[in-house]
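Order as written gives the chain letters A, B and C; numbering starts at 1 within each chain.
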């Protein structure tokens, strides 16, 4: 799909440069050149040249963002001169209210941690990838290693979560039993979830 | 701090446009024009003009990302033509496709909101409780209080619904009228959409 | 007459299902369109034929058909059935209020069908738009390290107990969705069985009222079965009955010649569905 192996140098980015822009826009951590080369199926040298070309053009055009190579990978950053408005924007944001879906997912993680995405999805009956991402972005949930059997990423709640709920530790989470329907016996313990 | 109130039209964005680029780069949800105007201390009309100018220039230059007005705000998206490479890169699963029953129920809620389960069931001729629950779990539909007369729970679509459809607001829903026979009177007219 | 070529532009719910009737041949959706535009009289459509075709269509797909298509068919078939029932009612001169109400009901059914079609088409547009939007990925990345500390607080707005209640609700096992069979009756008895009981009672008593004969019935179902058994015995000339006044007490007299054994009352127990199906327990044991 990427026809031009060489990055354009003009105002319009080449196919390769545009593809790099698309990928880096959604990357949530710096992406290494060889990773990009692999996804795009082009030579790493071409990727490097295109990235440097893009970074230079953003700077030259005085855009609000820049492309920087950090920690072995490339990532979009806001340009330093706009830090004051970005700070103002971030600070001014209203307190974030979680959606019902996010609250339910958070509740499942809190009581079943460490827990993988698949198990959370199985409990809630719908895919929860997006919501888990939101909770991670908001600092309420964090990764907690991998499942020794499946290798799936496990998640747990953060200390920020405890702080927001006004608890000193996880052991202060209220017991679930009083909130569960009476007729549930141990055998039916909903905690026993078959991973999907 | 933003000296130029008007967006540049050339290759290089103006100060306002660049500031908007910087802010939108760190936003993780659509940002409303009035919010941007407030942070940047410029008139909302100027913000709107600058955003439309930026969006048009990205498209014209064939960049890998685009700026779209969705769910009442502006947000960066990857350009659709790069979906194949982005999909290769993004590790999260694709959004799950909705069943026909869920889509139809969603359509009724979208056009009749706020609406109770009974009204939705009446249109489709089948019970919709399970489907409504699925739509709620997926975050596409949410509760919107109770019917003042019957006390039944009412439902409406969420802003995530707008995001999934790429609509700026409910008023952008396609008109239902062309599909409807003439002789349905106003009371029954499902095309009457009340914006939330 | 439409050639039986599937038109892919038509509703995606039933892309492959076509009907072949005397008056119409073509995609199911088109059939609906014609009916709704009054181009085809609903009374001309044999719904049972459409249903038979749909069933054989599903059968031919051998498990590859999807639930969406089947449920779409059911929704529409139910509406068609309503429509047809209304259509078959006399629709001549409107001379009393009841007729007027019938006509109005028919119009409402048309409106309902068309309204459903409207939403179905809207749903197709929403689906297409979602697919299109699904090709664009929003920027959704963690805050730049330099600004992370400035992020506004997340408002949970819940006490720990409220949070636990949400967890309990989310973690509670959901009832496995099942198709309700509450409206289906497993016959707990059979007319033959009731005829046997009646024969025994009447041979002993000679004559009795139906009230006496059905005094031991456990429920309405059994009373009905016993009454049907009376009719069967009457047909077999085993009993006669008399009823002085309409809705009055019904008396039944045993009239069969001595020694005669009515067909129904004799012989082995019927092979109807009986309580405690054999086989179920075996199956469980095998597991």
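Rule of thumb we're sticking to: a residue touches a chain if its C-beta (ideal position, glycine included) is under 8 Å from a C-beta of that chain, and two chains touch if they have at least 3 such contacts.
The structure presented is a predicted model; accordingly, all values stated were derived computationally and were not measured.
Chain B has the Cα centre that lies closest to the mean of all protein Cα atoms in view.
Set against the C-alpha centre of chain C, every other chain centre is closer than that of A. Centroids of chain B and chain C (each the mean of its C-alpha atoms) stand 38 Å apart. For this pair, chain A with chain B, the centres built from the Cα atoms lie 21 Å apart. Mean C-alpha positions place chain A and chain C at a centre distance of 47 Å. Multi-chain contact residues of chain C (touching two or more other chains): 137-141, 143-144, 147. In chain A, the residues that reach two or more other chains under the touch definition are 22, 25-27, 77-78, 86, 90, 124-125, 133, 137. In the complex of the two chains, the chain C residues touching chain B come out as 12-13, 36, 67-69, 71-72, 74-75, 78-79, 107, 110-112, 114-127, 129-130, 132-141, 143-144, 147, 177. Against chain C, the residues of chain A that register as touching in their complex are 22, 25-29, 77-78, 83, 86-87, 90-91, 93-98, 103-105, 107-108, 110-112, 123-125, 133, 136-140, 160, 164-167, 172-176, 179-181, 184, 188, 190-191. Residue ranges on chain B touching chain A, taken from their complex, read 1-2, 11-13, 17-23, 25-28, 35-36, 38-40, 60-65, 76-79, 82, 84-86, 88-90, 92-93, 95-96, 134, 136-139, 142, 158, 160.
Residues of chain C that touch chain A in their complex: 137-144, 146-147, 150-161, 163-174.
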